[in-house]
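Before I ask anything, let me first share the structure, which is written out below as structure tokens.
So that you can tell them apart, the chains are marked A, B and C in the order they are listed, and the count of residues begins at 1 in each.
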Amino acid sequence: MEIYHVVLLTLVLLVGLLCIKMPVALALGLAGAVGLVLLRGFDYSTSTLGSVPFADTASFTLTIIPMFILMGMFAVRANIAVNVFAVAHYFTRRAPGGIGVATVMACAGFSAVSGSSIGTAATVSRLAVGQMRASGFPASLATGIVAIAGTLGVMIPPSTFLVLYAVLARESVAALLAAGIIPGILSALSYITYIMIFGQRSVRKELARREGAGGDSGVDGDGERLGEAVEQARRELASKTVSLRELPWRGVVHVGILFLVVMGGMYTGVFTSTEGAAIGALTGLVILVIENRRRGGRHIFAAFKDSLLDTAQSTSMVFLIIVGSGIFSAFLVTAGVTQDITVWVTGLSFHPMLIMAMLLICLIPLGMFLESMSILVLAVPLLYPIAADLGFDGIWLGIMIVKLIEIGMVTPPVGIITFVIAGTANVRSETVFRGVLPLLVMDVITTTLLFLVPGITLFLPSLMT
Amino acid sequence: GCSEGVVQGEDGGGEDVAAEETLTLVTAAMDGTPNAAVQDWFLTEVEERSEGRIEFERTEAYSLCDAPEIADCVRDGRAEIGVSIPDYTPVYFPSTSVVSVPFVGQNWQGITHSLHELHRNNADAEAVMTDNNLHFVGTWPVGRMLIGTHEPLESPEDLDGLSTRVSGPLAINLFEGEGTNVVSLAANEVYEGLERGVVDSAAASIDFPVNYRLNELLPYWTDPGVGEYSSFGMWMNLDTYEEMSEDLQQVIDEVAADLAAGAGAEAFYAQATEQCPSMLEAETLEGFTRWDEDITAAWEEETGDSLQSAWVDLATEQGLENAESVLDEYMAGLEELSDPEAQDATLTCIEEFSNQ
Amino acid sequence: MERLVVNLSRVMGVIAALAIVVLMAAIVTDVVTRYLTGSSMPAMVELSESALVVSIFFGLAWAGASGAHVSVTLVTDRLSARLNRLLAVTVWVLTTLFVSWLTFATAGRAMNATGRGETRMGIVEWPTWPLRWVIVAGFLALLLVSLANLVRALRGRDILPAQIDELPRRDTVAETGEHASL
């Protein structure tokens, strides 16, 4: 069989396995292993399977991933998101689309203590979707806001994606984490802008429609039931006459402490960014204990134990994908696909910016059938050498890749964050997609800006040297 | 492959004769480094001398197998030839680790040549390779050990109290003996470690300050006379080698012998001198010097035989038979094969700095 | 039988969780020691790498039994129940075969590494061959979970996370929605 046929066959096999619902990590691994058998035989493939699980996981720098996940788990159980949301809500209550703005701010705040987009989206959606619905947000917009703002989780440090990119591309972890801050804040501002300008209009429309439906707020425009949560949220809103002093400021303080420990601690010379993640997790535990001290030791221990079990589970899931992608990319390298693409692309006589834009845009269709972490693991070895060849900055490339993968996390057909929100908010995933789409326009604008002006991304990392 | 023959039969009329052996290379030597220059000299030379009958498929550094995995990739046949740092997998290479004995190896070409002879003539050293299903092609040192610091380093006493990134068991022994706090950091975390103050100094070859830009952070670089301390190895899969026709085996071995006898040194030197401008260009560089021979000699005397016997113990523990006689044979080879006239790129660069 | 598999995966999950604690403690200890004395605590880097491997591979079966390994449901959502049952059998046959292959391959590698007493170099020489067996154990447990799912698929029942809800311990995954925390 010609190599070209083997590659095609393996790709078809991969898509087939994904379509019949095989776990993504195993589909990648199996397709890669079968491809290696076709190229080099069974023994060769078995050697790869025997070595990748250890070679791709036993690395000190990768310990940062479970530590970031753990810190996020502690933060959830330390009520950080609840408290930040309450503070943000107080200050935005009179702004147009105020509670939507508060939601974005809560997502950005929680992103500063959680390395995960899914964790951020899931945590904030449980707090905010009901409240937004009660304030008149249609279901699609309410869930869309949480979904898109949840993507900030992997852009604003700490971020497992930025760490993994740094490891794969052999770039500085600290520089990548610093580089995520400004693009993250810009993205948050762009969502807020949209909500303040257009959100208010859909809220008014929705309220008028509910009015027209004879005050029957049990069914909204999407034909879905307004849950108990909404009723409860409405009651809460009505009963709330909080003063500035009574606000749970400690949530904001906790975010500040954790963010400073992780980011700022590295600058004092006491520890590196890898170690910073473990220190951050320990600090998260301390905050969890303080926050729950009145509820007793048994409650604290349960929260601690659950955080650990969830972290172990997520860690296994993430690393199995790394292993599966490792096997698949061993196949791509053995088949010479990576080199062929590099040779072909660098031989094109287009402007480097155009080539780079084309390659990055290719990540979006990849997001149609691949899970986000797999895209990252597969794309970096392909794109990084090309970008380096064309003279692009590796840190900037990391931010661009993560930004586009974020977009893939909320777009159909496979938008993992969308599924999570649909689950926690009890709506159809199409409803979330509908709410996300207009907000995606803001993301396209931000991404284009970041692409054309690399200085925005590279400003903070440049301060480090 | 079911249609292999068909493809070649149809367009096989061209002048290119298909290679008899296509060997996949996996490497930890990044493009543009002196180690890659040695490796590339070998590959090109083999392709030429075999008149295209041997062809290498050069995969990108680190792409198919990561550096610590390369020996295994070659051993189990995922690649036919590999270039990596044997120190990553010390258990596989108790014989070539003799390079790491401090003060002994001072001559790049002599070390490379002596190691080659050792693995062709000494049954115990050879057995280390064949037991691992490897065929020894070459092992060469990475460059003289330098110590980068914030303050000038004038004698071994100045090492007391430094927090230094050091790798390799014997070098660690040596430094700890002087009261250095030895810190373990992965190579890619050293820059950050220095920036944050986790370490205040690093012991490494000139590659390190140049490739990881450590010369921007540490103004003083000193050659303490320890000499070569670590190496790159090149190995073939033994089965692949043995299944090759005899004349092709001969090509491989002849080119390997030439590499050891001086061609490798030439390629290494040529590329290594190009690192010198990058080393010197850092505006922060204050000193790039070499200790007086007396200071080094006194330090060496102070350590006595302890480092050599430490190596013998370590190598024996890792499965090398008669380690002591292997060491003797290696040292005799150094004596006999070192070319005292051979230039060392690091020393040339130090001279260039003093002339500035 | 199935209950046994689920319990085994849970026990291994608890060990994986403990490994996370060891990982955090090792790094923090190293930082504190270095801050106080200037030197690294020997073997802490190696210990945390080992703890990472334990937590990854001992958690595999637990993650599998609670449905944490993400898959794409886009196509299957649109197919009939009968076809889905057929596909589920196919998936779990393939998964079982592939995980067996992984177990076999890593076991071969582990035996080899044990034979030569594989180590990794740092400040201390740290044995890495036991970690090779941790990987084998992890895949073996995942293999059992795959078999349990295959049996379920053949009987036309939902695959394993469903089982966990029936057991006394609550499903932390569903509770926190963190089942794919990236």
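Quick note on the criterion: a residue touches a chain if its C-beta (ideal position, glycine included) is under 8 Å from a C-beta of that chain, and two chains touch if they have at least 3 such contacts.
The chain lineup, named per UniProt: A = Tripartite ATP-independent transporter DctM subunit; C = TRAP-type C4-dicarboxylate transport system permease small subunit.
Note that the structure is predicted; figures quoted are calculated from it, not measured.
If touching chains are joined by edges, the resulting network of the protein chains shown connects every chain directly with every other.
Looking at B-C and A-B side by side, the one with more C-beta contacts is A-B.
Separating the CA-averaged centres of subunit A and subunit C is a span of 22 Å.
Between the Cα centres of subunit B and subunit C there is a gap of 37 Å. Computed from the mean C-alpha positions, the centre of subunit A lies at a distance of 41 Å from the centre of subunit B. Within subunit B, residues 68, 198 each touch two or more of the remaining chains. Of all residues in subunit A, those touching 2 or more other chains are 47-48, 50-51, 59-60, 270-271, 274, listed in ascending order. Listed for subunit C are residues 45, each touching two or more other chains. Looking at the complex, you find that subunit B touches subunit C at residues 68, 87-92, 161, 163, 167-169, 172, 181-184, 198, 318-319. Within the complex, the subunit C residues that touch subunit B are 34, 37-40, 45, 116-123, 125.
Taken in their complex, subunit A has these residues touching subunit B: 1-2, 5, 38, 40, 43-44, 47-48, 50-51, 55-56, 59-61, 170, 172-174, 266-274, 330, 333-334, 336, 338-339, 381, 385, 464-465. On the side of subunit A, the complex with subunit C involves touching residues 17-27, 29-30, 33, 46-51, 53-54, 57-60, 62-63, 66-67, 69-70, 72-73, 76, 115-119, 122-123, 126, 154, 160-161, 270-271, 274-275, 278-279, 281-282, 305-306, 308-321, 369, 371-373, 413-414, 416, 420, 423-424.
Within the complex formed with subunit A, the residues of subunit C that make contact are 13-14, 16-21, 23-24, 27-28, 30-31, 35, 45, 48-53, 55-60, 62-64, 66, 68-76, 87-88, 90-91, 94-95, 98-99, 101-102, 104-106, 108-109, 128, 131-132, 135, 139, 172-173, 176-182.
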